[in-house]
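Each structure below appears as structure tokens.
Note that subunit A is present in both complexes that follow, paired respectively with subunit B and with subunit C.
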Partner chain A sequence: MSEEKVKSKDELVPIFFMGKCYEVPSSLTIQKALEYAGYQLVRGCGCRGGICGACGTVFRYPDSYKIEVGLACQTVVQPNMYIAQLPFFPGNKATYNIADLEPNGSVFTALYPELYKCIGCGTCTRSCPMDIDVLGYMSKAIRGDIEGVAKGSFDCVMCGLCSGRCPAEEVQFYIAILARRLYALHMQPRSAHLKRAINSAEEGQWTEGIAKLKAMNLDTLKKVYSEREMEPHMGPEDWIPGDTNYVNVD
Partner chain B sequence: MPYTPELKELIKKVEKTRPQRVERKKRGEEFQPMTLKEREEILQYHPDFKEEGRREILVGPNKGYRIAHEMVDLLHAKSRVDPDKIDLSKIDYETDVLILGGGGAGTAAALLARKQGMKVLMATKLRLGDANTMMAEGGIQAASKSTKDSPYYHYLDCMGGGHFKNVPELVETLVSDAPSVIGWLESLGAMLSKDDTGLLSTMHGGGTCRKRMHSAGDITGAEIMRTLRDEARNFPTDIKVIEFSPAVEIILNDKGHAAGAVLYNMETEEYLIVKAKSVIMATGGSGRLHIQNFMCTNHYGATADGLIMGYRAGVPLCFLHTVQYHPTGAVFPEQSEGLLITEKFRGAGANVLNIDGEQFVYEREPRDIEASAFIRECMVRGKGVPTPGGKPCVWLDSPMIDMLNGEGTVRKEFPGKWILFHRYGIDIAKEPMLVFPTLHYQNGGLEINKRGETSVPGLFAAGEVSGGIHGQNRLMGNSLLDVLVYGRICGVSASEYVKNGYKGGKLTLNHVKEFNAGLDKDNVATEDRVSPMLLPDYSNPEIRRKQYTTQYVGTIR
Partner chain C sequence: MRVHYYPGCTLKEKATNLEDSTREAMARLDTDLVEPEGWTCCGAEYPLITEKIHGLIPPVRILRQVEIEEGSKVVTTCAFCFAVLKRANKAMLDNPTLHTRVNEYLADDILIDPTTKEKRTHFESYNGDVQVLHLLEYLRDEVGLGHLKSLVKRDLSHIKVAPYYGCRLLRPQKEVAIDDPETPTIFEDFLNAIGCTVVDFPFKQECCGSYLSASMPETSNEPSYRVLNSAKMNGANVVALSCPLCYYNMDTRQDRIKEEYLEFNGFPVLYFTQLLAWALGADVETLGLDKHLCDPRPLFDIKQNAEDVEVNL
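Entry: the complex of A and B
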């Protein structure tokens, strides 16, 4: 298929997948290199675009003791790289009713008591393919700073690499999503304008207007569409349209 | 890999015109949007209008309908498994509601069905949440600001974007339920972008007349999906999930009602039987078919499985003759090829430019119009920017966003893309991006009504697998909305069906046998393949050729 066509001009480089050597074109990502080598991926492949967290991968460069990490779909192969994938990590997810929880540190004590076993080594931060300061937000979790955890972990793709390498057996990514949900539900203010819009829609305030549009012949509908008023791109938040028949007027 | 010296030279032309363009934008002066007539004319450059790209379906309810070869190939293929080999008396799982697919629509349906007291089983091809929902970046539309917007305007935008071909009742439901869907996300604790007063951040998208695009940074879909997934996993006894086990056929009963599915465990390679009182098809789209050899933005599992299964069970297809190409797929560097560059960049003010650094199209046309204009600029007018790979493309002028909205906006509003390009050595707050249309969305699909019902009793469909809501072209921010609105509706409709309409009956795969026989009779069966496809084949053909053993011989194949 088109996307995966390999250009012949690419030089071949050796990589070691789970210890076994394959020669692959040097421009490929680890994911495409595995496919080039003959693998039909089932596990360890998802969005192929760096956001789903299905392809967490650990690797090591020759002559280095250091374990590196990356998403297989985002990391280009290097000669003599040693590669292993971690497509699933058996982290323990607590179950809860998010609406009933209090947004403070006691939630973590109750649901993820192992949080306090964190030894602050920072391996999680070094293991994050999204460059998140995982230890930073874990420290905030220990202090009960829900907002700090929520904001600090926002880019998390939940690949599990942090947990996979954590000597204290933490499930950082589950603590993070719990904090984000707590923050969004209990600490971010609810939207008043949204509530009003929901009420208007549920009371059927727009039904008549939409019924008119549905009943229009095509030419009239096209005319109404073409003449609809545009909210200016740089206009203020409180911009009001000229025609207020189908909006709420204060 | 950073831009080459040649491209850096061309960027200077973009920089030269930038200050004036920013000033014009600040004054509220926009590049002239196209009239409806001009829109019609430019569509001749859209891939949908390439007649050689499609052919007639020769079997089933849509016999004679012309759609992409890649889809017809699968519709004309036989079942993955001989129905006679399957023993339907040996049930592996039993449930009230069976949901096929674990993306946004399927997971929303599961949560709502559970609320109705149903036992839910979700069968998903990859992991729960591995779906196009996860990859949607820019936002979700809803008229949440009623002093300047309402479902009335959302309806108008949606119809215009879809070339007035959309099914009106489906659109009405979509736009009317939109505000409450945002309220639902708020109540689940999804971290939507809002200020300290609770004011939700909203932007324009292509074809919108009001700013109603809600977002969560530039990972809106991921935030929604991981929240829904977390919620579904809070109820492990009510919502059971079987991963890496996609459905390959719908099971009907002797009354012709949906009664379950045959699953395929991709790891043990065994087939499993699920008996269910109702079935929700939420298998997503088909970008991985690479229609007309386009690169695609889609998830690995987007292979049209639901279309095939639904069609064999007798559900008609609609609007599949149009396919959405997202105007802005990444082109450079090569390893990012096809990746989605969210429309939110254009919503935030970034112009689109040709090789001379000049505007040739308003940046917020509906997607098919915008994509057609890019194709014309590159292929007909020869004003594309050449990449090292030889492919022409256009500039997306992201640095404008910081100039319009303040230093640091790009970094703050587009953290995902900023990091990605930063790794390549490109700072998108300072340098523009190279883009070209990329296969993005299946506009059509299985026919449904506003309750999510298909023509087969007990079979419901939600999300990208269904068709009609978006007419011939979907607007940005209406797919996340669609999966949630119709996912929720299907969860309720399927539950009500279980309570009030379910009759029971003897399980059968006769429809599959008949479909196979029909292919033989008309001699149209695609010999070299079976369907659904399940996963695309990106493996090395040289190696495939040497995989001689296809069945178990001794202990391994």
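Entry: the complex of A and C
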């Protein structure tokens, strides 16, 4: 079994990149396969973990008309795939000062009037490597639902693949981030305990305690740290430490 | 009772008074309105060149979603959405070429469950099996006007209502008509059931100018004025309608009508759902009456407030 696994890992498969065939180990992602083939990725490559969205990739298999998309760092090579990297997608980006914008429903069409050109084809949803219902959030943008767009687009990594295939030339990901900014700044409920903690800090509630810690020598500090009271693993939800000098408790 | 409901984009932003009063009224009829998951714009206008199938994709996708959610009907209040959904549905029933082409396109859809993130990629053909109903039809055929009448909690007889059908509820007859396009009665029957005084007037099926108000705004002044004036001359004190675009032309743009017709000094326009919700005992605040350009509030006898109504139950 394990021998078989090792063998399949070593197996080379052909892939086509920019029209040229390369034999690469079958277990690699597209990104690693390109590096294996000798390309140095300076752009179109960032986190290597499926989060930054820099590595949008378009590919197709020889026996299918379908254009497939994925993130190069997340997609394992398949034999005979034709690959094109989409390192940066030139989208129309509106300039605004988020603090000056009113969080009302017409903000999307004011900044991106092309929004109304969406024909509802659904290609964006079919193109999203993050499995986002892009058409769903675009529809919410059309009807001015800021919260709906913000929540519906939460996983967007701004790879631009949706935009690249949109017949209406929409910039879905810029509309999405506009919604998340508006939602975060103007609409999301504020965290009351965070505000209280900041107030307490500003009022100097912990100044003395921190000064005390700062004055300790390293060994004492280590001792204090390792002997600190820890929240029990299965503790009750309303657990509070015995020493409340460093926390706000109700 | 749970029924699928397609609000349409306008009801979520501009026509919130239509949306809110619809929800308020239906809640009072013990009807739970369910929006199909991920609904999009229906296209607003039915594509006249159906060789290009793209205009049919969104409405058929919406109808298919209703079917996926095991709905057998979908109710709308916006006359435009109603016409698009109903005609698209009919195309799926009657036109085998369109049926094939639209379904082939939609077969490649991806449906993502918003909570579980589960992905669905295989779809059955949509065959036109969902019934598209305008809310007026739903009230007539599903709730029953007799039953509706028995649920009325307020006296509306002092409100003299001119029912305005416009174009979209009746034409094209073979595809959408909710009633006989020449001598319709469904709106009148509804108004009688909720106890209004119905006023007949000759302009009830005339066009208000429709989306001319977007491309050539002043052109819609005249047809809208004629409708309002005709209602007034026939003794009505309000026009009732179901279409957000008619409402826009006839209420929101009344200032422009006044500029052109100096003798015109305003006339209130209501959505039929506002009258319905009021008749069923809704609180006046739930009707969105403050959104109207021509204030209809004097028509609403606030003394008949909700508490009195509860006492009468």
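Brief remarks on what is shown
The criterion applied here is as follows: the second predicted complex is superposed on the first by the 213 of 250 C-alpha atoms of A that agree within 3 Å, B and C clash if a C-alpha of one lies under 4 Å from a C-alpha of the other, contacts with A are read in each partner's own complex, and residues count from 1 in each chain.
Methods note: a residue touches a chain if its C-beta (ideal position, glycine included) is under 8 Å from a C-beta of that chain, and two chains touch if they have at least 3 such contacts.
Keep in mind that what you see is a predicted model, and the values were worked out from it rather than measured.
With both structures placed on the common chain, the touch criterion links A:D131 to subunit B and to subunit C. By the touch criterion defined above, A:G122 lies against subunit C but remains apart from subunit B after alignment on the C-alpha atoms of chain A.
By the touch criterion stated above, A:A197 is placed in contact with subunit B alone, subunit C being left untouched.
When the two complexes are overlaid on their common chain A, residue A:W239 makes contact with subunit B while staying clear of subunit C. By the touch criterion stated above, A:E114 is placed in contact with neither subunit B nor subunit C.
Put simply, more of the residues of subunit A are touched by B, taking subunit B and subunit C as the two choices. Contacts of subunit A with subunit B, set against its contacts with subunit C after fitting on chain A, overlap at residues 131. Contact residues of subunit B toward subunit A in the complex are 25-26, 28, 30, 35-36, 126-127, 129-130, 134-135, 142-153, 155-157, 159-160, 164, 168-169, 172, 175-180, 182-183, 186-192, 194, 196-200, 204, 209-211, 217, 219, 222, 226-227, 230-231, 233-236, 244, 266-267, 290, 293-297, 299-300, 334-335, 337-340, 349, 404, 415-416, 419-420, 423, 535-540, 543-544.
Residues 1-4, 27-29, 32, 35-43, 45-52, 54, 74, 76, 93, 95-99, 130-131, 150, 154-155, 157-158, 177-178, 180-186, 188-198, 200-202, 205-207, 209-210, 213-214, 218, 221-222, 224-226, 228-235, 237-241, 246-250 of subunit A are the ones touching subunit B in the complex.
In the complex of the two chains, the subunit C residues touching subunit A come out as 9-10, 12-13, 38-41, 43, 54-55, 57-58, 61, 108-112, 114, 117, 119. Subunit A makes touch with subunit C in their complex at residues 66, 105-106, 118-122, 125-126, 131-133, 135-136, 138-139, 142-145, 152.
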